[in-house]
Amino acid sequence: MIVAMQEAASEEQIQHVIERLVNMGFEVHRSTGTRQTVLGAVGPRFDFDVRDIEVLAGVGEVHRISAPYKLVGRSFRPEGTVIHFKNGVTLGGSDVHVMAGPCSVESREQLFAVAESTSRAGAKFLRGGAFKPRTSPYSFQGLGEEGLKLLRAAGDQFNMLVVSEVMEISQIALMLPYVDVLQVGARNMQNFNLLRELGKARKPVLLKRGIAATIEELLLSGEYIMAGGNYEVMLCERGIRTFETYTRNTLDISAIPIVHKLSHLPMVSDPSHGTGRRDKVAPMARASVAAGADAVLIEVHNEPEKALSDGAQSLYPEQFAELMGQLRIIAPAVGRKLA
Amino acid sequence: MIVAMQEAASEEQIQHVIERLVNMGFEVHRSTGTRQTVLGAVGPRFDFDVRDIEVLAGVGEVHRISAPYKLVGRSFRPEGTVIHFKNGVTLGGSDVHVMAGPCSVESREQLFAVAESTSRAGAKFLRGGAFKPRTSPYSFQGLGEEGLKLLRAAGDQFNMLVVSEVMEISQIALMLPYVDVLQVGARNMQNFNLLRELGKARKPVLLKRGIAATIEELLLSGEYIMAGGNYEVMLCERGIRTFETYTRNTLDISAIPIVHKLSHLPMVSDPSHGTGRRDKVAPMARASVAAGADAVLIEVHNEPEKALSDGAQSLYPEQFAELMGQLRIIAPAVGRKLA
Amino acid sequence: MIVAMQEAASEEQIQHVIERLVNMGFEVHRSTGTRQTVLGAVGPRFDFDVRDIEVLAGVGEVHRISAPYKLVGRSFRPEGTVIHFKNGVTLGGSDVHVMAGPCSVESREQLFAVAESTSRAGAKFLRGGAFKPRTSPYSFQGLGEEGLKLLRAAGDQFNMLVVSEVMEISQIALMLPYVDVLQVGARNMQNFNLLRELGKARKPVLLKRGIAATIEELLLSGEYIMAGGNYEVMLCERGIRTFETYTRNTLDISAIPIVHKLSHLPMVSDPSHGTGRRDKVAPMARASVAAGADAVLIEVHNEPEKALSDGAQSLYPEQFAELMGQLRIIAPAVGRKLA
Amino acid sequence: MIVAMQEAASEEQIQHVIERLVNMGFEVHRSTGTRQTVLGAVGPRFDFDVRDIEVLAGVGEVHRISAPYKLVGRSFRPEGTVIHFKNGVTLGGSDVHVMAGPCSVESREQLFAVAESTSRAGAKFLRGGAFKPRTSPYSFQGLGEEGLKLLRAAGDQFNMLVVSEVMEISQIALMLPYVDVLQVGARNMQNFNLLRELGKARKPVLLKRGIAATIEELLLSGEYIMAGGNYEVMLCERGIRTFETYTRNTLDISAIPIVHKLSHLPMVSDPSHGTGRRDKVAPMARASVAAGADAVLIEVHNEPEKALSDGAQSLYPEQFAELMGQLRIIAPAVGRKLA
């Protein structure tokens, strides 16, 4: 931490700040210039709030020079995290994956049709929602446990790993028998009670970035899960809210290389929610893989115009197969291959 | 709902869209121009998703012309909602209120000192956090039930109504005996499971706008609570996330008159979280009352520099008293008075 | 400037950075901790780019600790700038002003009607556009010099100071005989060639904040004008672009107290462009004065529904008069009075 | 245009709106439902302001159903615009181009070194700044005409087309003999006087999106140039301003497929300014090509650490060559090849 004192700060104020920093466990280095004094505080701690120093009398500005997280930081595992699944699939290594499926599980017929076509095109992960967060209380809220059962059955039949969203603490135990990956939606990225409980689970978690969350906040939310002992965390960019209204959100592709630099965790991209428009999904999926994503999440529906939710952004099965072919060309440009 | 068909839409496509709209319960009016056909769908329904029509073949654009909510809309209660509290205090009427207190309840001594000074200056509501949502898992997380007991005791002693934040469904029952208003924080504005449970409670709820939530989304979250039968809801502007970095958030003062136009619910403003800087709190509190806020939330701490959270934005008791004097001058400009 | 070296930085790299800083004219203080080295660079310079240091090998992070401007900074004129006009009117002192008029000058009849009603209600400044920046090449582009003549005539008749927008260098000389204040619109806030020429003028300039400009960038644009020798600069908040779509822009009221803290320049607020909706103008004008604005800009039209531009946000004359009455009540709350 | 009248609108108000629409040249279709009346206005005009109708009494909401531009729209040239340069190079067709060079032209030695290495790696366009827009009046402002001469000389020697930024009307005539493409920077995207003059030029223009400009506004600025008769316009995404602070801007990759859908103009991407960080340039350049960009702009410097501007985001020549190899792999995934 660097503390730049105000030009008018008194010696007494400076001493008070130094004392406070020492009490917090820092080693303090003082630089006194002609105009102002600057304090450099270095030490092993990272779990402090710079604002505790900012409020002290005589303080001008305070800057953090170390990250506010530890477990999710790249230096904790410089080689990168690779998640190993039971069927031999790995995520975070040289394989690039596509996670495909409908926004909501609606029926056995719908789900199996989508699972069949996407697995045939190469997808190893089936994703679908059983519990649905909806902006309006009057919208379809998901099939619940019935949806989970269908997901498991389809996953087993087509040898796909199952990904589904958990919205609430009480759903965790219910979901564990059915899913291979617990997804946390953008709206719950800072539902800290939920994150803490997921830290106790022993299943991989896919944590989506909130639409107004900075990358640092996404990492801190990952830290909540890892701090509980669950180290199998994937982060996911799914679009941030900006002034542009043509798309529902702006998919922040640059978050992919940034997370890879700051953290060892795998990084997934969700161009379906990131754009909200079917014809933008394929270009943004290609862009994500070209930028280094470890996986992409693609909404696919056998009959998008009849979907109970998000039909507007779901690909038709044949569009999905075409996209897989394009991703197969792109992955080698970043030294990887499509799984 | 207005459906503008694409210029190239076929008659068959147009008929298919009309059929779908009729099935949804709409009365459909068709306008066929030289270049394109436009369909006007009118009817009593408001709980539909325009995207269900957008995905149909031949459709160009779809615009909603009625609000997606009903209970929170101004027309549901044109005269406005006034919340009556047991001690005779009313919120939403001609009185403007100030809700004051520390960010976190830290100790009996701290809380009683703040309650004493703020009630003396005129505050009728004491707000303080017992459960604290923190970005980092390593920060102080609140005193829990012990904090609630202290809040109740201080509220009783100084004749103040108690406001505190609920973060999770399991905390609702625990909090009900202690508090007069259940606050939902910005990060939980779209925690729909929590909102639905609060709809079953019979205590006023103060719902904060998420930092990336549109005003329409804030209203829809209020609709979740009202749909459960709890009609005592206050909405609260607390700053939105923008590109400006000087302040933590940008307090969107214009949300105050907008909510008053669209909804009958009282509107509160939180300049402390909205700015994150002590010296900006008073100007923004004055601005909020001048723009018509029904109440303002002000963080006050007897010793801000020792606060366990948000000390940087807490007012000193004497600053708070000065602010109350200014608000007393301003309220009459909007035909109201400071309670 | 504070330079935090990377943990792995070599002694050679550190020496190289120190040398570069010394060459730039800084006095350098070095703090070597157990994990990393931090350099504090202090000195009289403020016109440097921190990125010149960021690119050096071994550098982790660089933070500026002094402002990147000098002339616009509060410390340059701690007492604040007061602009004195020929007719005895002062701006930036204890008087709060309202600048009123139509978006575009459309005709003699229109302009004189607005000037008459607004001056009667107390406005001392008449503002109107003769050159209009329009998003579409097909929209009305203003009356040009004919509009300037009308403005001057109306200003003289009703004893009002004239404010009008300059869009281009070649217009400056043309405008000088007619106007008392040269306004720079939001889209030209970083038209540096224009700013530099205005620095040579000897007329007050009202500089509007760009819709995506940070407050620091606004101050730097003011610095361009002052660096040319023109010290009579007013800054103006007129709304920033955010994700909220209900209003055209989000008026950032907090910019008012922030500019007053960082700079000595007067701060104006433009709630008409800031909201784009007539019924939000009065609440936001009141909020601006309550937050300390030195002046507010209000669009008024005698027949808004016939306006050639911005009719949707123009007040009717009687709404304007009512607003003036409200501002008269609010100004004393901040120790001022409406002029 | 669709006009939804308020539920309480009177017949007289409805007739008044219809009359106004007819006067504007529209054919009007009326739908009267049980709750409200909706008017559909169709016709050949596109150069109107919906707000002229919004302000009429009794009007609820107004929606545009046709684009506010004509010449830049895809339907004006469904096959897409291909720009042909004198040396046989085409932009907008099947070739993907890379435009490379230093941010500022600093010296003959610097420029020729960069031109030599980038042309060897395959770049056909040399870009460099002679006039530099700088946020601070104290930063390096470019070499001016001397820089243009160096650009022309280097372009001729290495058979590269020259791209350079024009900031002001008076620079156009000066630049024409030296450059092959006139670039308009993000800050000037809505400098309408400049755009209008460029419409009279007969040289291709590369128009960058402003950091807070919507895609529609970018298209409207292109319309200004085309309306003057200059049809050789390229649009360019270079990052928008969002709340994320890790990168200088957020490169909105989705703008690439969106512009391609709405317009026939070629679309360029600038990952150097879009990210502001050297190590993010290559991933975002790859993503841009994967999303369908017609060209990418890459800042390259022979000695970035000595650059007078933007050194932090400039690639080293060997990084540039490696990137070219990656783009060669990706282009075929979208049916194209790197030129």
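In order of appearance the chains are A, B, C and D, and numbering begins at 1 in each one.
Basically, a contact is a pair of C-beta atoms (placed from the backbone, for glycine too) under 8 Å apart; a residue touches a chain by one contact, two chains touch by 3 or more.
On a predicted model such as this, the values are computed, not experimentally measured, just so you know.
S.K.: Do the two copies chain C and chain D share over half of their interface residue numbers, or under half; same or different?
M.R.: same
S.K.: Nearest whole angstrom, what separates the Cα centre of chain B from the Cα centre of chain C?
M.R.: Roughly 31 Å, centre to centre.
S.K.: Rounded to the nearest whole Å, what is the centre-to-centre distance of chain A and chain B, using the mean of the C-alpha atoms as each centre?
M.R.: So the centroids are 27 Å from each other.
S.K.: Can you list the residues of chain C that touch 2 or more other chains?
M.R.: Correct list: 212, 241-243, 245.
S.K.: Indicate which of the five shapes (line, ring, star, complete, other) describes how the chains touch one another.
M.R.: Drawn as a graph, the chains make a fully connected set, so complete.
S.K.: Would you pull the chain B residues touching chain A in the complex into a rising list?
M.R.: 46-47, 49, 51-52, 54-57, 68-69, 133-139, 167-170, 187-188, 190-193, 196, 210-212, 217, 220, 223-224, 227, 241, 278, 304-305, 307, 309-312
S.K.: So in the complex, which bits of chain C are touching chain A?
M.R.: 2, 4, 27, 29-36, 38, 40, 42-44, 60-61, 63, 65, 241-243, 245
S.K.: Can you list the residues on chain C that touch chain B in the complex?
M.R.: 212, 214-216, 240, 242-247, 250-258, 261, 274-275, 279-280, 283-284, 286-292, 326-327, 329-330, 332-334
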